[in-house]
Structures are given as C-alpha cells and as structure tokens.
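After this come two complexes, each holding subunit A, first together with subunit B and then together with subunit C.
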Partner chain A sequence: MNSQLLIGYTARDTFLNRLSGSTKLIGFVALSIIGMVTYDTRFLLGVLLISLILFHFSKIKYHEVAFVLQVIVAFAILNLVMVYVFAPSYGITIYGTHHMILGSPDHYFNLSWEQLFYEFNLLLKYIFAVPLALIFLMTTNPSEFAASLNKIGVSYRISYSVAIALRYIPDVQNDYRTISLAQQARGYEISRKAKLMTRAKGAIQIIMPLILSSLDRIEIISQAMELRRFGHNKKRTWYMAQPFKRNDYLALIIIVLIVLVGIALFKVNGGRFWNPFE
Partner chain B sequence: MNNKNQSSNSIRTVVATGIGAAVIFVLMKFVAIPTGIPNTQFNVAEGFLALLAALYGPVAGGLAVFIGHSLNDFVTYGSPWWTWVITDGLVGVALGLIKNRLNVTGGTVKTMKLVWFNLYQIVVNFVAWVLIAPTGDVLVYHEPAAKVYLQGVTSWIVNSVSVAIIGTILIVLYSRTRAQHGSLKKEK
Partner chain C sequence: MVEPIISFKDFGFQYDSQSEPTLKHINLDIFPGEKVLLAGPSGSGKSTLGRCINGLIPQSYPGEITGSATVAGHDIKDSSIFELSFSVGTVLQDPDSQFVGLSVKEDIAFSLENDERSQTEMRAATKKWAERLDLKPLLDHSPQGISGGQKQRVAMAGVLIDESNILLFDEPLASLDPASGKASIELIDHLARQQNLTVVIIEHRLEDVLQRPIDQLVVLKDGEIVGNDKPSAILKDSLMQQLGLREPLYLSALQLAGVKLADCDNIDSVKTVAGDNIESALQRWTAGVSLQEPPLPTEPLLTLKNLNFSYNRNQPIIHGLNLTINRGDMLSLVGRNGTGKSTLSNLITGFLKLDDGEMKLKGQDLTQLSVKERADHIGYILQDPNQMISKAMIFDEVAAGLRLRGLTDEEVERRVSDTLKVCGLYEFRHWPISALSFGQKKRVTIAAILVLNPEMIILDEPTAGQDLRHYTEMMNFLETLNREHQVTIMLITHDMHLMLEYTQRAVVLADGGVLMDARPADVLTNEAVIEKAALAKTSLFTLAERYHLPSALDFVAKFVQTEREARSHE
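The block that comes next holds the complex of A and B.
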C-alpha cells in the first residue's frame, strides 16, 4: 500500500533517462507555466498529446502509477463539480455568448455549452502536466536533480537543501512508521474505529517524537557538514552532474518552440481564451 | 570567531530547510484530515512549520515549506499548484520573522508572548489564504472567484487552528527543554 503511495526513480534504459536533469527540469517548468496561463484548448490538447507520447516512450508501466492517477482524477472531478456549483454560468461570462443545453441564463443553475467547454479546458489544465511530472519524477535521479537545480542558476545551498529533503524523506517516513507502531503497541488507538478526539491525541503522540527526533537530526547533520567544510567556497561541483549532449540541445529547442507557439496563440486569440463560439 | 558562527548558522539553515521540507512532506502526506472541501485539509504540517520557522528563521521556514509543499503536490496532484505553494512559502517567511521576538531557544515562552504570537499568525494566515492565494488563482488560473475564496477562507481557518493548537503546543514543549536564559549565576 505504502509503496504505491510514493512513486520514485528507477533506472530505465530510455532516451528520457539519458537526457540531463537540467533539460527535463527546464522543460517541465516551462511547459507547466505556459499551460498554467493559457486557456487555448488546441494548445493544451497538443501538449497533452506530446506528453502522452513521451510517457509511452518512457517505458513507465501503468500499474506503477495507477494509484496516483486515480487520486489525481478524483481530485480533478471534485474540483470541476465545485466550480460548477459555485459558478454555473461562468463560461457564459467568459465567452460572451450562450448556447443553452438546459435552462436559461436567467436561472442560477443552467447548463450551457460554454460552461462545459470552460470546464473541459479546466480539466485539461489539471491533467496535461501529469504525464510530464511523472516522467520527470521517475526518470530523474534525485542526486542529479539537485545538481541540475544548481546548473540552472539556483544557489548551491538551496540545491543542497532539496537534495537533503529528497534524501531524508524515506528516513522520516520510516521513523513515522516505527513511532506509529510503537505507540500503537502501547495502546494509542489511531485507527478509524476510535473516536475523533482519541485519534487526535494518538496522532499527537506520534508527531511529537517524530518532530523532536527530526530537530536532533538537523543538529547532527549540520555538525557533520561543518566538519566537512560545507559552504566554505563560493561554488561546488556535483558528482552526479551531467554535461549537455546533442539530445539535450535538441530537446531544449523543441521546448522553446512549443512555448513560442503558446505565446503566439495569445496574440492570435487576442487574450488567454480561444473562443470557438464566435 | 564571529565569522565562524555565521558560517555554522548558514549550514544549519541549509540542513533545517532540507529536513524541514522532508518532515513537512511526510506530515502533509500522512497526517492530513480532509475538510470536505476539495484540496483543503487540516494540515499538521502548518503547526510544525511554526516551530521550524521560530527556530531557524524566515529563510529556512519559507524554503522548507515551499520545497515540501511542491514535492507533495507533485506526487499527489501531478503538478504543483504554484499560487498556493508560493503563498505557503510566504507564510513560512512571515512566521520566521518573529524568531528573535519569540526567542524559543531562550527558555520557557511566557503566556503573553504566546497570545501575541497567535494573534500575529492569525493575521498572517488571513493575508496569505484569504487575500493572496485566491487572488492569485483568479489572476493566474482564471478560476471562479466564489470557489477559490471559499477554499481560501477554509484554509485560513484550518491553518490558523493548526498553528494555534499544534504550533503552540510544540513551541511550549520545545522551549521547556531549553535552559532558561540567565538561570545560571556565577558563584561569588
């Protein structure tokens, strides 16, 4: 159960694995930002299609990510329902026309093609980056990820913080599980059977030792790093850093082109929305 | 001597950011209680953030929650919801700004200071979750205002409660383990 909750890096022999971490990071951030801003359905569908093709080539098996995908889809649907409940005629306001399916625009609850189209765009925005994120997470070695952060201009202290976070998440998770089992053995009930207050108290009995031991860990690690003269020089080199190769430059050019298309579409559409209703 | 202290403080900030982000990630993933409104949970992590920021300052607090929150979004929703991640980072910075005022490492924190701290965090959470985060959603993601402001208000309430209960308990418990400032006297 818990292994399904977390998805992580495994070495696979694909061209996506061989791309440098910096390329994948730049690609993910650039595409997710442009996709965040635009409401052009054609563009979002295009990016989704490209990321699905990449996902196919990444040799990631569906069952590895099935659980995560189900959660993502469930949340997306909940959000769409909530958008509809709170603003059922938001689409009409945005696109300026009304093609009704049910009811009339005068009623609070009505159903229009504009609303459906707007929510379809929202759905695309919620999910288009998911394949990219999964590819990024599952084909990038965490240590290389920190090196690539530093390469694209993030200060090496912050990159190192990220490296520490990625390195210690499994440890903290193990601690959590151990403490939880130990406290349950001592009789603290935290399962669904207990009352809410009992559960809350049980949770606090787990969190306290976890947090206090983590604070100890901060002291130990920072002393160890100080002994090794961390932070003495302005720059540092990374064991896992990868130099850019031909494929990296190719990928970067393609990413730049996609982003440029996205920006050009703002001009063409005269704004963020593509309006097929006019 | 002074210089050496500074460098060891900056190393501690780096490590506190990393470990803090890992703890925030685990707490967000395993110890979150849904409120019934999508994408808003009662997060124990916010309470921990209050202690982390009070101990290690604005840089560690802000970055730790920024990294922890985006990693959690990554593995739960597929991609980070940037407006909320950035807002959470700002909350971390704001909570870290009162590090010297609260002085957790200097021994037991007095009741007046705790009251003051809680008023401060409620205002910080209000500005962050009711003003900044939903406005960002409307501007950047073009979501309907009514929906995101409801999410914002809910987050404001649950996050303030989390800091008020769990954050305060953590700060009091932690400060009790520290020696009171000026509790030792030189023997004549």
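The block that comes next holds the complex of A and C.
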C-alpha cells in the first residue's frame, strides 16, 4: 500500500542486474570507504561521475526513489549547516591558509573559501554514495542479498535474518494495519484529528498487541527453521546465489583500480586532503 | 516380524514449566507405511506427542521423560531435532509461518541449503517435488501471492525433499477452506501410498480426515491414550462425544434414526457404511419428522447496494454486490479463500474505503461515518484475540471503549459488569488476561465490543482452533446473544458444521458478488454452488442419496432442526 515510500527490488534487464550481488556489495562498500576517507576533490568528482553514469544505466526511475532522495538531501543540507555553525573556521585549520570572503579569521563566525571548499568536499561525499547504495538495493534480488552478505564473510545466521525480515515485513505491516483499525474502532483516535498526546497513547495501544503477535510468530518460525536443520552446520549453500561470471571479475578489477588510485593520491597529496590553496 | 518405526513404551512427559505431566503411560506402536490419526480435545496432549516424534521435545521444550520412546531407531532422550529431521518431516499447523523463504522455490529448497548441497542438486530436487505437488507455475511467487492450500503444498514439498519416510502433520485442516482441506487429505493419502510413507496426522476434525482410509485412530484424553484401534471399531462404540470429539454427522444421523452402529459395517466412511436396516430406518425417521421452518427476520438493518471495491483497478474484489442483513439475523458468510469475505466486513466497518456503492444502516448513510462512529453500531471481532487485546486486566480491556467515549465511572462500572455477566466472565473480572485460555480471551474481545451496545457484530472464524467443548460453548453463547439480546450476528467461517447447525441464513460469496443467499441446508445440497465456492458437501447429503431418501434437502433440514431442538432443551 505504501510501497512507494520504500525502495525495493524490481527485475530490470540491465548489466547491473546481472552482476552478482556480492560484486555489487563489495563495490558499494569499497568505494564508500575510500570515498569517505579521502578529501581529494578530483577523485570525488571522478567517482561521482562514475556513480551517476551507472545510475543512468540501472534504469531506475526518479519517481521510484524521489522520497528517499528528498530525505537524504534534507539531511545533507542540515548536516552542512550544522558543520558550519559548530566549526566555521575548520577549513582554515585544515588547509593552513585563509582567503576570506566575509569577516576575519579572528572572529568565531567568518566565511572563507577554505571553509566553502571543505564543505563542498563533504557534499560530494554525501552525494556520490547515494546512487551506489540505490543501485545495490534496487538491482539485487532480496534473496540474493542474504547470499551475498554471507559470501563477503557475514555469518549466515545474521545474513538469513535479513532475508527473514524482508519476508515478514509485509505480514507485519498487515498486522499493524488490522490492529490499528481494530483499536480505532474501539475509540482510540490516531488520525490527525486528535491531539498529539491522544495519538501517542493510541499508538501504544497498537504496539502491545503487535509485539505479542510478532513474538508468537517468531517462536513458530524459529521452530520451523530448526525442524529443517537451519543453524546446525557451520555453512550453508544458497539456492539464489549467483556464481561469479566474467563481468563480475571485470567489475571487481575496476573497483580495485579505483581504490588504488584513491590510495595513490594520498601519497601524491601527502595526506587525505588535496590542497588547491598552496 | 516388522519392527515398529515409532514406539512409545510406558512413556510420560512433564514440561519443566508445568506442575503435572502432560503425557502419562503412553504405549503406542506405529509400523512403517501406516497412516495414523492422533485425535483428542485441546489439552489432551496430542500436540505434545507430536513434538516427541519430531524431536522438539526434549530439545526445544525441556522437561522430564519417563519410560522410553524411539523414532526411526533413535531414542528421543538423546537425539537432536537435527538427527530426527532426516527421518521425520513436519508440516506445521499454520503454513504461513512455516514459509521461511522469500519465494516458493527457495522455501522448498530450504533444508537442502542447510545441508550445503550444490545449486544443481537443489534445482533438480526442487523441480521434481514442484512437479509432483503441482507447484511448478508458482515457483517464483512470494508467500504473499499464493493461497493457504498452496502454502501447505509448499510446506509439504519442503519436507518431502528430504526423502524422509515419516511425515507428521499438525492440524493440517485448521486454516484451509473446506474444498482445499479435502484436496489436502486426498494429497496426503496419495503421497503416502506413492512414497510408502508413514503418516501421523494430528487433528480433531475426524470426519474430514476419515474421508480417506486411516489404519489406526489414536484418541488421547488428559494425557492418556483412551482409544487405539481401527477407526471403525472406535466409531462403533460411539464414544466420540464423551471423549470431546465431534462425531461424524452421518453417524449422528444414523443414531437419531435408531440405527445401532454396532450392527453396521464399514462405518468409517459415509460412502461405505452399510447395514440391513439403515434404509428403512432412515426412511421411517424422515417421514416421521415434520419440518417447521421458523420465519426469518425481515426488518432490514443493513442494506448494501451495488458495492464495488478493488485494491488495484484491474482486479475488482467486490463487484456489484447487493445484500440486505435483517435485524436479528444469525448468518454465515462463506466462500473460497480470497473471495472477499474479509474485504466485505472491512468495507462495512470502514477499515477499507468503498470505491462506490451504497451502504445504509437503518436508512442512515454509513459511508459518511468514521471507523469509530460505525463501531457504535457494528462491532468486528478479529480471528486472533491477541490482535485486539491491549490491556493487562479483563475489566480494563472491556472498559476501554467506554472510557474513551467519556462515560462516567459509575456508568462504565455498570455496563462493564452487565456485559461480563452476559459473557460469563464476571467471576474473572479482576483477573489478568494472560491467565485465560484462548477461548476465554476470545470471549473477552467479544465483551469489549458488546459493551458498546452494537446492533450487529461480525465475527471472523469464531471457533477456529477450538475443540468440540469450546466450540459448543462459544456457539451456544453466540446463539444466546442472538436470541435473547437481539444482537444481529454475521459469522465468517469455513466450518460447514457451524454454518449448518447454528446459522439460519447462509450468504455465499463468489466472483465479487453474492452467489447464493438461502438457508444453509439449501446451500449445502446445491452441488453447483458447492463446487464454485469451494465448500464441501456434508456427509448427510451423501447418506440421503445413498439410501434413496425422497429429498436430501429435507433430510438435512430435519436433522438440523432435531439437533437444534435437542440443544434448546438442554
């Protein structure tokens, strides 16, 4: 019912869909880490360009992700403002020079090119990872998701709990809806008509039965899984796991190269920051 | 001499959490290839016995074991669920919860994944079992996209894939519509023969299971085996009622007509039961009873006109539905799973919003009222009481609706006490709800709705998962509400007995509209409607046909009438 709020997998016929989930997960994690560590603007712009190109090829439509994007943009802006409020001259500290736009470095609130440049780098970091995350989530079959987590070393018990969560989210949503309506029928007002406190109280009335019915469910599921030998062996295989193909190796090589470039730039710059002000 | 594959010798079990043993002095041998039905009322220990067979006891439910028990050569005292799972496949009561995969194929292959089999092996095995159980077109479907009967077949495929030779079914009929239940019993029988399986079925609905031959019927009561024989031998003793089980309807009818079951042959199926004087006795009985059809209520309470509703445009669930419910009706709403029975109730209560159509309660437009306002007139009781209960104490739970409507404390006190008395819960008013049984909890949820004084209540499967005693208590209670307190009652049900014995009107839904609206006996003797709405023919009908009674419909109606009269004299 509210599916447009959540992002989810749909079968699309693109080369990104055909890549194994593990490749996409490794790519996403590796690029995110190197991107989070480095402050080399050239590198960040390069990775951003690559991730936008990939996003284009993934055939994900804007309206499918509009809601999530808006939330992310709002948080990114809030974050940048807060960084400025709490440390308006952090850029000057990092880059060691001051090219002022407003005020002087002696005052707490001032505006320098260094600060703007630093925050621009932050913005790039926020942006470049978003298309990658969306591509990973929206082109990986949820069943394969657990398999790929397991493949990169996460214990299969934890990986499978992700799959189980995906399996039961629609059921729990249904339960929630039913319980909420049944409680409303008794007279708990939780619509916008009511005051905030009344709504909060109403919400509590729904949560208790929801927890109770979910606990019942968990007990039965865990029995069902145990009766079919889940959790006994150290490893398990996955029906939906995709074996690595030529494209996967190719993709992994490219990812490694990009990461190496990022690391090489540390050497060139003599640190994590690329300093254009010197 | 063949060795038994499951053997209990003077076996007893007491859960660590309980002060009394749940199973006592169980002696039971099940031989390879046998089909065994374990029956008994709730609390008789039949589920506990099932848990001993699949190893959940003692591993998941610790407790004290006395005597000995072996399953496929393993002593259950020191074998694990893991070891036993290769010999025993378990299909749980709720096929929905058993479904752990994100799609049908993954669920079927689940145990092979845990055995670290290769993908090629898994694909081959999944394909084989999907073909045998007719699941091939569904392999890529998600659990939300298939019916209850299909889910159960997936669950069966998921345990059969282990090639284990014992299959254990825990109440396989509980959540299926009558036709799916029948298909399921036939499938179990077919598989058992084809694979030479040993099958143990835990179920209290004897008549439905006995549609296919059973080798051994084991009846439990209070943790002990009180009957263990061929079904025909046990049925002949006609002890079912005393043991807390529902006697097959055709046997009740035979006894009503004065036939002695001990003189009959092959009595475990209505298709085979035979005896010298059956025909004449039935003829005599049906001629001797005159049918008095009491008039049905006629004053309209709720009028539904041309209702339309769909979740998405292309598939209307409710399409041009017309129905009038009269004040004082006690009616059952029946039909195939997913045919819109719950959707219709949700539209009436305002849980779902109508696309178009007219809903009037005593002339007042219902569509203009909110969920809360409609609840003052029409109460809806969900199948699972745990989904409705939000307070810890009985009194508070029942009082909640009134308190939210701003009544004074004295008024709340008075109305809650009155309602609790009607529901037989007054003595328990200061009890915590957690101390109640399932049936009592259900009653609390009914009380919490009744206290608001609705003209009509809708109940979703009011007797699901309850044994004969609780079933009878619940239905007698609802009958009293209907008769003495003039509450109009609509029951959504799959239980043909319930519809036949307790309701005066049956509304059959199919293709988004009302397929038939008549007395239950008329519905259950109409083969076209039975087929279309996935209902099940009653054994009374088959009996009437086999013994050439003048009118099967009259026979069924007379039987129901006699039973009802007997009930009101109790």
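FYI, the second predicted complex is superposed on the first by the 274 of 278 C-alpha atoms of A that agree within 3 Å, B and C clash if a C-alpha of one lies under 4 Å from a C-alpha of the other, contacts with A are read in each partner's own complex, and residues count from 1 in each chain.
The rule is short, and it goes like this: contacts are C-beta pairs under 8 Å (C-beta built on N, C-alpha and C of every residue); 3 or more make two chains touch, one makes a residue touch a chain.
This structure is a prediction, so every number in the text was calculated from the model and none was measured.
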Partner chain in contact with A:Met225 - subunit B first, subunit C second, else both or neither: both
Subunit B or subunit C, by number of subunit A residues touched: B
Partner chain(s) touched by A:Gln173 [first = subunit B, second = subunit C, both, neither]: first
Which superposed partner A:Gly187 touches (first subunit B, second subunit C, both, neither): second
Touching partner for A:Pro142 - first (subunit B), second (subunit C), both, neither: second
Partner chain(s) touched by A:Tyr239 [first = subunit B, second = subunit C, both, neither]: second
First, second, both or neither for A:Pro276, with subunit B first and subunit C second: neither
Contacts of A:Ile211 with subunit B and subunit C, given as first, second, both or neither: first
Contacts of A:Leu134 with subunit B and subunit C, given as first, second, both or neither: first
Which superposed partner A:Gly96 touches (first subunit B, second subunit C, both, neither): neither
Interface residues of subunit A shared between complexes with subunit B and subunit C: 163-164, 166-167, 171, 206, 208, 212, 217, 221, 225-226, 230-232
Partner subunit A, residues of subunit B touching it in the complex: 7-8, 10-23, 25-27, 29-31, 37-39, 44, 48, 51, 55-56, 63-64, 67-68, 71, 74-80, 82, 140-147, 150, 166, 169-170, 173-174
Residues of subunit C defined as touching subunit A within the complex: 54-56, 60, 81-82, 85, 90, 92, 94, 96-103, 105-106, 109-119, 122-123, 126, 143-144, 158-159, 162, 346, 349, 351, 371-372, 374-375, 379-380, 382, 384, 386-390, 400-401, 404-405, 448-449, 452
For the subunit A and subunit C complex, residues of the former touching the latter: 142-143, 163-164, 166-167, 170-171, 175, 178-179, 181-189, 205-206, 208-209, 212-213, 216-217, 220-221, 223-233, 235-241
Residues on subunit A engaged by subunit B in the complex (per definition of touch): 5-7, 32-33, 36-37, 39, 68, 71-72, 75, 78-79, 82-83, 86-87, 90, 94, 122, 125-127, 129-130, 132-134, 137, 157-158, 160-169, 171-173, 176, 203-204, 206-208, 210-212, 214-215, 217-219, 221-222, 225-226, 230-232, 272
